[in-house]
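Labels for the chains are A, B, C and D, by order of writing; each one numbers its residues from 1.
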Amino acid sequence: MTMNQAKGLILKLNCPDQQGIVAKIASYVAGHSGNLVEFAQFSDSLGGKFFARLEIDTSSLDVEIQDFIEGFGTLGRSLRADWHFRVLPYRMRTAVLVTKTDHCLNEILWRAQMGELPVEITSIIGNRTNCMDLAKRYAIPFHHIEMDGSKRENGFHEIHSLLQQEKVELTVLARFMQILPDWFCSEYQGRLINIHHSFLPAFIGANPYRQAYERGVKLIGATCHYVTSDLDAGPIIEQEVERVQHFHSPSDLARLGRNCERNALARGIRFHVHDRTIIDGNRAIVFPD
Amino acid sequence: MTMNQAKGLILKLNCPDQQGIVAKIASYVAGHSGNLVEFAQFSDSLGGKFFARLEIDTSSLDVEIQDFIEGFGTLGRSLRADWHFRVLPYRMRTAVLVTKTDHCLNEILWRAQMGELPVEITSIIGNRTNCMDLAKRYAIPFHHIEMDGSKRENGFHEIHSLLQQEKVELTVLARFMQILPDWFCSEYQGRLINIHHSFLPAFIGANPYRQAYERGVKLIGATCHYVTSDLDAGPIIEQEVERVQHFHSPSDLARLGRNCERNALARGIRFHVHDRTIIDGNRAIVFPD
Amino acid sequence: MTMNQAKGLILKLNCPDQQGIVAKIASYVAGHSGNLVEFAQFSDSLGGKFFARLEIDTSSLDVEIQDFIEGFGTLGRSLRADWHFRVLPYRMRTAVLVTKTDHCLNEILWRAQMGELPVEITSIIGNRTNCMDLAKRYAIPFHHIEMDGSKRENGFHEIHSLLQQEKVELTVLARFMQILPDWFCSEYQGRLINIHHSFLPAFIGANPYRQAYERGVKLIGATCHYVTSDLDAGPIIEQEVERVQHFHSPSDLARLGRNCERNALARGIRFHVHDRTIIDGNRAIVFPD
Amino acid sequence: MTMNQAKGLILKLNCPDQQGIVAKIASYVAGHSGNLVEFAQFSDSLGGKFFARLEIDTSSLDVEIQDFIEGFGTLGRSLRADWHFRVLPYRMRTAVLVTKTDHCLNEILWRAQMGELPVEITSIIGNRTNCMDLAKRYAIPFHHIEMDGSKRENGFHEIHSLLQQEKVELTVLARFMQILPDWFCSEYQGRLINIHHSFLPAFIGANPYRQAYERGVKLIGATCHYVTSDLDAGPIIEQEVERVQHFHSPSDLARLGRNCERNALARGIRFHVHDRTIIDGNRAIVFPD
C-alpha cells in the first residue's frame, strides 16, 4: 500500500498501554505539520501493551527531519516506549546465507531487482558453492565459507566478520542448512530471519517434507520467523500453506513447498524491511501491507 | 478481535483528508478519558478522503456517553465529516428475505444464536414457504408474501410496511430470487445486503453456476455486497472462492458454492453490524476483524 | 461429481501392486455390461500397493447386482485384495457424540437434511445436555450419558451398547471432549471420525487455540481424522486453515477456527460415507469429489 | 506426482463415451506388459465424452515402444478416439513472448532450470528489449521484433517464421502486450498459452488491475488459458487468487497480482507439457499433479 521509496519517515513504537497514547503521538506529528500516511496500532488488552507503526509524509514538516526525530524523544521517554525512526527512501543492507538450493535466493534477488523488496544485497554467503552462478548472474559477491565438521565454529566467526565489515543490517537464512551457535543467534537477534520448510510448530527439525509425507497431512506449509537460540521456535512473521494429496511423494511435497517457502520468506522480509514487524516476546506483531 | 457486546462506543467517520485529523479525534477521546480499544483508519491518497473506525472503552469517560457524543459534533462539523456513533452493547434489528434455498438463512440463524452475529432477527420473509420450518425451529416469525407475476410490486410494498413496522435496521437478501424495484433499493441504500452466487463482476445475473460451468473456470466464488439499483454492481463487502475441477457438474458447483455464499454473507453481515464498513461511492472500505 | 443417491455400486479396493490390475477390474465390470462412472486409482510406488475406487452404473448389468458382487470374489482373491462393495442409493447410519459446543453438530444436521451428506443420524449422544435443543429441532433422539469422574468407563459401555443396538456404522466425534478408552478405539477402528481443532500435528492435546495464540502463528486450522488409540495421531482425512493476525485473541481464534472445524469435518464425513477414503497404516488415501 | 523425465510413455485420449473403454485400453497396456503408473480418466455424462491420460512404465514392455504405439491404432480407431502418445523423457521446445515486464519470464526460466518445467526454451521474443538482460543471464537467444504501428502484422510473420524454424512446440505469452491476429491464433491453436492478469471472465481486456480497483473487489486473480481468436475467452487451464483490501492501490494490486500470474502460468505450462490437459470446446479438462 505504501511506496516506501518516497520521501518520508517510519516510526515504530511499543510501550505500556495507557490512555491517550494515540492522541499524544498524532498530536506531535500534526504539531509539526507532518502528514500521516498510515497509522497502524494495536492495543494488546491481554498483555497490557501498545504497539504502533506510523508512516509520515514529511514534505511539509515545519522543522528538519532530524530535529523532528530528536524532539520526539521527550514524548517517547514519557511513554516509557521503545521506538525507532527510519528515514525514507531506504534500502536495507542485507546478506543472504545459503547452502545448496537456490529457489529462495532467486526469489529475493528477483524481487529486490524488481523493487518489491527495498534491500541492497551486500553479499551471498554459502557453505556450498551451488548458488555461486546465480550470485554471478546478479553481480553480487559470493563468499564460500566451509563449515563442515570442525570448520563450523570458525565458519560462523568468518560470517560474523563479514557481516560486520559490510555493515549488514539484516541476515536472511535462505535455506541455510546449518544449526547456528547460540552466540550468533544472540548477536543478531531481531535481525536474523529464517525460512523453515514446514508449517510450524508442526515438523520441527530435519526433513519436514518427509515427516509430512509420513504423517499423511493434507496441507503442507512454510514458516518465516525470527531466529532465536531455540531451534525453529522464534517469533513467526508469516506462514503459507498448499493443499496436497495422497499421491504426492516426499519430492512432490518438496516441489510444492518451494512455492510456500519463497512466498512466505519474501513477504516476511518485506514486512521486516518496511518496519511492519514488532517483536513481542515469542510473538511478532505484523502490520501487513 | 472485539467483543462488541462489551460496554463502549463505536465511532465511524469519513471526511476530506487533511493534516491532523487523527490527532484531533484521538485528542477528543483522550480529553474525556475515553480509552481507544481500536483505531482503524485509512487515508485514501487517490481519492483525497479520510476514513476511520474507532472503538472506545467508555468505562472511565469523564462525562455521560450522550454528552460525549453530542460534544463531538463541533469537531465533526469542522472536519466536514459524516460520522456515526453506536452505543455498545448492541444487537441490530435484522430481517432476512428468502425464496427457496435455506443454507444462507441457516447460517445466519445459527451464527446469531451462537453470538457471532450481534443481530436480532425480527422476521424472515419469503416469497415461497420453503424456509418456514427453519424459521419455526428458531422461533422467528415467518411471513409469506406472494410476489409472482402481478403480485410483485404489491409484495414489495408489503415488505416495506413490515420492515417499517418492525423498525428493521438491516435487510439481508439470503438467496432472495427477485429483482428489486428501484424505489426499494433507494429506500434501503446502505442497509440492504445481498449475497450473489458468483465471484463478481464475473457471471452477473441469472444462473451463475451454469455460466461458470460453461466457461470452464477453475475457481468459483460468492460475493456479499450492498444493493444498489444497478443489478449486482453495488459496493462489495466480502468475497470468497473455492477451487473446482472439470469433473464438477453445475450442481456440484452449486454445492461447493453454497459454502462460499454462507461464509461471505456471514462475514459481510458481521462487518456491517460491527460498523466495520464505510461505503465510498461504488467501493466499500472494510476494516476486518 | 457423483449423485451417490442414484442406483449403482461403489467398489473400494486395495491390494499389492502388480501389472494389469486396472485391466482385470475394468474388464470384469465391462464383461457384465457395467458402466464406469468413475475409476479413481493410485499406484503407490513407494509402498508397492494399489488402491482404487470405482463407481459403477448398474442399470445395464447383465446379472443381478448380488451376483455381480459375489462373482468379483474370484478376481479379488487372486489379487490378494481387500475390497468392499456398497449398493447405492445408500444412507449410512451415523451417531454423533457431543459435549457442549454445537457448531459441528449443526453443520452435520443441516448438511444431512440438505442432502450433502448421505447419512441417517440415528442418535446424538452428549455427556452434557447443551446440544439437546438442537437435536430436538431436527427431531433426532438425544441421549444424555454422564461421564464425569468415575462414571466415564461405564459411560463408554453405555455408548457402545447404544451404537450396537442402533446398528450404527459411523460414529462422529463432533467436539466430544472426552478421551476415549483404548478398547473403544479398537472396536470402532475405521468407523470413528474426530475433528481436532488444530492443524495437526501442531498443537496436539488440550486447548489448541490457546497454544496457537501463545505461539503466535499466522494460520490456524482444523483436522478431520480417523481415531486410533494414539491421541490425535490417526490417519488424516481432511484439513482446513484460516489466516489470522496478531490482534486475534484466543477467543477470536476459536471463532475463526469453528469455520475450519465445520468444513473439514463435513468434507471428511462426506468422503468417508461416499467410500472415498482408504486407510493405509497411518495415512488415508482420499479420492476427493 | 510423476517424474516425467523417467523412461516411459504418456497416452492422452478422448472419444465418445461407451461401455468398456477403460477395460479395453488397460487391457491393451497390460497385454504388452506395460505397467500403469497413473490412469486418470473422466466420463463426462453431460457431454457424452470420455477423456483419459495414462502414464505407462515401459521398462517391461514385450515389444518395442514404437510398435506398441502403432499397435494401439486399431483400438484407437475402433473407439473413434483422438489420441496422442509422448515418449519420455521429454523436454518440449518452447518459445516465450514478452513485452516489458519480466516476472513471468523469470519464473519460467527459473523453473525450467530447476527441473520443475520439462521445457527447452528455444528463444525469447520481445517487442521491447526490457527482457534482453534476463535472457542473457540464462544464455537464451533473445529476438527483438518491432511491432509498433504498421510493423505489427509483419512482426507476427517474423515470429511465425522463427517458431517454424526453431521447431517450437509451445508458445507462451508471458505478459506479451499485443493483440494477436486471427491467423496466428488459428495456426497455433492448442499450442499457445497466455496469462491474463485477472480472474477471468471478470475484467477482460486492458488494465484489469485498474478495473479491479475501481470495482472494489476483495480478491484479485490471474488466469492461464489457451489462446483462441476470441480475446481472453479460450479454455482456462489454471486460475489463482489473492485477497486484497481497500487500501491497496492499483499498483499494489499489480504487485500482488504478479504472484498470481507467475504461479498460474507456471502450473498451466507444467500441465500442458506433461500432457495433463485436453481441450474440449471452450473448456479444458485438466488432470493435475
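Rule of thumb we're sticking to: a contact is a pair of C-beta atoms (placed from the backbone, for glycine too) under 8 Å apart; a residue touches a chain by one contact, two chains touch by 3 or more.
The structure presented is a predicted model; accordingly, all values stated were derived computationally and were not measured.
Chain centre most remote from that of chain A: C (centre = mean of CA atoms).
Pairs C-D and B-C differ in how many C-beta pairs touch across them, and the larger number is found at C-D.
For this pair, chain B with chain C, the centres built from the Cα atoms lie 36 Å apart.
Annotation for chain B: residues touching 2 or more other chains are 45, 247, 249.
Interface of chain A with chain B (complex): residues 19-24, 26-27, 29-31, 33-39, 41, 43, 45, 60, 243. Put simply, chain A touches chain C in their complex at residues 42, 44-46, 199-203, 214-219, 221, 235-239, 241, 245-247, 249, 282-286, 288. Taken in their complex, chain B has these residues touching chain C: 1, 3, 103, 106, 110, 114, 116, 137-138, 247-249, 252, 255, 259, 263, 289.
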